[in-house]
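First the structure, then my questions, so here it is.
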Amino acid sequence: MKIGFVGLGNMGAAIAANLVKARHEVLVWNRSAAKAKPLTDAGAVLAASPKAAAAGREAVITMLADDAALESVVSGDDGILAGLDQGALHISMSTIAVATAEGLAAQHRAHGQRFLCAPVFGRPEAAAAAKLFIAAAGEPADLKTAKPIFEAISQRVFEVGTTPSLANLVKLCGNFMILSSIEAMAEAMTLAEKGGVAKAKLLEVLTGSLFDAPIYRTYGGILVEERFKPAGFAAPLGLKDMRLAAQSADTLRVPMPLLSLLRDHLLQTIAVEGEEIDWSGIARTVAKNGGL
Amino acid sequence: MKIGFVGLGNMGAAIAANLVKARHEVLVWNRSAAKAKPLTDAGAVLAASPKAAAAGREAVITMLADDAALESVVSGDDGILAGLDQGALHISMSTIAVATAEGLAAQHRAHGQRFLCAPVFGRPEAAAAAKLFIAAAGEPADLKTAKPIFEAISQRVFEVGTTPSLANLVKLCGNFMILSSIEAMAEAMTLAEKGGVAKAKLLEVLTGSLFDAPIYRTYGGILVEERFKPAGFAAPLGLKDMRLAAQSADTLRVPMPLLSLLRDHLLQTIAVEGEEIDWSGIARTVAKNGGL
Amino acid sequence: MKIGFVGLGNMGAAIAANLVKARHEVLVWNRSAAKAKPLTDAGAVLAASPKAAAAGREAVITMLADDAALESVVSGDDGILAGLDQGALHISMSTIAVATAEGLAAQHRAHGQRFLCAPVFGRPEAAAAAKLFIAAAGEPADLKTAKPIFEAISQRVFEVGTTPSLANLVKLCGNFMILSSIEAMAEAMTLAEKGGVAKAKLLEVLTGSLFDAPIYRTYGGILVEERFKPAGFAAPLGLKDMRLAAQSADTLRVPMPLLSLLRDHLLQTIAVEGEEIDWSGIARTVAKNGGL
Amino acid sequence: MKIGFVGLGNMGAAIAANLVKARHEVLVWNRSAAKAKPLTDAGAVLAASPKAAAAGREAVITMLADDAALESVVSGDDGILAGLDQGALHISMSTIAVATAEGLAAQHRAHGQRFLCAPVFGRPEAAAAAKLFIAAAGEPADLKTAKPIFEAISQRVFEVGTTPSLANLVKLCGNFMILSSIEAMAEAMTLAEKGGVAKAKLLEVLTGSLFDAPIYRTYGGILVEERFKPAGFAAPLGLKDMRLAAQSADTLRVPMPLLSLLRDHLLQTIAVEGEEIDWSGIARTVAKNGGL
């Protein structure tokens, strides 16, 4: 397939590499072109602008850090809206606000272009191994178009609706669930440790019985070993995601007290530990609050 | 082995049945003797008192509803302390306060008796299938004595320390983790549903990706189908366990804001839905708070 | 003084009326001109646009419902920025975000205009009686210019800094404090009532002893009599203010768990009781959560 | 009146001194008799036991640190129950659990003795100045008997019901309200300070406008000057009171999320700052959580 790819951060670069590997024709663009080097070495072609990366492509994929970065590559004279052919497809993989996705959908519709959202679950290692999980939402025909792309980068795709922004809602719910699990483990581990049971021992019981899931093994290990720096996923990014979830909760009139708690713990973590800590560093905050 | 068994509620009866099945010699006692009928039919012998159930046994097992019920079968002229031989072992399987376990340990020590705590994870079906998980704590020799018993009733034993009460701390941490997961799912499902994604769809994404654990499949299904009555584990019992965890947190000076949230949601659930609802009924409260 | 006044809602109209009464020359503008009738009857002159209301004036006052409404009268061809003379003063009385105030300050500076923020405490009755409290921030010279205006409308002015946006921060803190007091009373009253002490009796003790302040008498009475509709200050407006406070907390990295609680209770109140309820209606939510 | 007085801590000693000053005949008892010296110097007579302090008295007053201390002077061979005449009155001024008060009421009824609860609001200075506020509950005849006592020690008495324990419920509500106010001020001050407004300035605005109450002036000053040590009212005692309130909330099925927050902040404060800090030290915790 002829694919454009915009946004070559840790996640985007790994995804794009798998598309090249799967023998798709990939045009890439990134704000700092240096990041594109490994990809062009592997066969991708560097585009001069987001517009150029989208023009003449069956699909253009975007994977940016936040809503503002995404909007900056979509709008304007050099943007995707200006380049993408009528009937061609924009696949948005960034974790963005539901409202932002709704706005993009309307803009593409107005330009006669197609649009779907397909945010992913998984850290950079999973992206590199083509083992991502994808929450995808859009028209059936659009999802069908995206199928070869999804196959090249993921282990499983969940189709969650025909309105693209619903995929973002699911993604935000997922990130909320992850951080909730971290909070729960952090509180339990702090109680256990002050009471005389080592964190590792508690984790062994949990993952050996009812909590035998990747999330507990991965983050449980991080909590036991206190591997909060360097950040795999920095606390300010986690805070951004929780803020996006809270914006939807606000709009939809849904009180989410656990979400509120997570935001407050992220704020404390950033205020006290600095902006460079991993979002799972809320566990350090929980431990310190208990006097550890 | 010669075993006494005190407390034949849903859990106790299922455990005792597996001990009989494994050809241990089991003396049983229950406040209402009628509950013992299926067990005596299967080969157990009815004892006239907790004291009688303990006398002459290598080990006596207790499985009671709460701290007060346990203390009532341990103390007094007809109690286990009065009946258990010197050097014989009391295995406490109830979910009780850490402080209560510490008190019992001291009393048994003063009587020259042995004591260990071995609370279990699993609902009555798991108990019946001998598939419980056991968190056990006590002296190595005592754990060794208990081994044939554990083998007859569980799929796995976690030894968490030599001080018996530590097993209760781990058990309370586990129950806290379970209810935390329910709260997280409930908030995410309410947000998703108000935003246009069915609860079942969200659950499919979660359990199909990072949350592929028994706890999410079991309770996720309950939440999707809203099977809150009849209660598998009633909200007031859940509240009791959260209160016991909070007592330890209080004593150990550990703030646990997520635990506080769970307690408040249990209180609201009981206040509004009644005492008969399952503890996972906090999900109904979360949904109602969002206007569903 | 020659004054322009933009925004004639309940608060703005009452303030403008006091300025007319104090014999200032007042040009008024409001989106729906009908609201200006009582003022023009009293001697004010109707302007054709925000620009016209600002042109040739020593000071123009704005009192709008939210940040967007304020920005719409400031910007554009018909806006205040386009009309206000060099060296003339814009006094912003709206409750707006700190960031919005910072942006306005920069814009006025770029236009050679002066700017200060002076949000007010008090409900419409207090505005009508010229009994408002004003939190004002700006350059000393600008505050001096505003003095005759403040004297005509308030009982007391607090100067909180030289950076205009600080007044907005103080205002948001104040509104947070008010709603915090309501939450505290609501929880205490629910506990008391379920325990057998009437809400009115508890309030009598509080206001008769340590809580002898206007805020407890005013809102305490509303809570006792459950006068939540019609709204004096609607819950969605209260939610907006709490959101603005949370934005500052987010930017400044300050966890505010009580603020989070208030937002969640406002969301529940709006979700369950509707958008028309007073912000003190969180007390109804608290009572219902307790089964009342 | 012939009065017995049991419990001569800071509060009790000051109250008893005012009774002596008002020319009542006062028998005093305290666990450590040394504390009675200033009182016996002033004309009180030392009793050999709580029983002796109660025998032959029209009324005996108790002012102890907690439920256990109160129960220890009431029960047993040397206790008040054993000494108090039939028809004589026990006035309980301690801050105790509602359930404890109910138990005491039943015991006195069984002994043909009268009982009322009259916990007080005010710090030791207010007690010394006979400026306490009293929340009193009991039978009208009993309240009438207590009137001369109340007149000698307080500035105002609130009669809150005929069931004695209701006074304790009101007292716990009051303490909850006080700590809620401290929490609200602490969060607002932290936000203001990080944003550039000094704590003292914010307090000036609050107490100068809507929050013109003793509680804000007193505790606001403590927060501004960070006078947390030595403790006027130690955090562990505050935690005890919040725990008693939570026990009533638990029994009455009332979720109180703000109370939960206060408990968690007290726990963090004690865990991090030590047991010696004033309960208003939660403000230090709030500030530190914000990185100050």
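Order as written gives the chain letters A, B, C and D; numbering starts at 1 within each chain.
Keep in mind that, in the parts below, a contact is a pair of C-beta atoms (placed from the backbone, for glycine too) under 8 Å apart; a residue touches a chain by one contact, two chains touch by 3 or more.
Just so it is clear, the model here is predicted, and its values are computed rather than measured.
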Mapping chain B onto chain C via their CA atoms needs a rotation, nearest 5 degrees, of 180
Most remote chain w.r.t. Chain A, using mean C-alpha positions, is D
Taking each chain's centre as the mean of its CA atoms, chain B sits from chain C at a distance in Å of 53
Dist(centroid_CA(chain A), centroid_CA(chain B)) in Å evaluates to 38
Chain D residues touching 2+ other chains are 249, 253-257, 261, 267-268, 271, 289-291
Residue set of chain A touching chain D in the complex reads 257, 267-268, 271-272, 288-291
Touching chain A in the complex, chain B uses residues 98, 121, 133, 135, 156, 158, 160-161, 163, 166, 169-170, 172-174, 176-178, 180-181, 183-185, 187-188, 190-192, 194-197, 201-202, 204-206, 208-216, 245, 248-249, 252-259, 261, 289-291
Contacts from chain A onto chain C in the complex sit at residues 239, 243, 249-250, 253-257, 260-261, 263-265, 267-268, 270-271
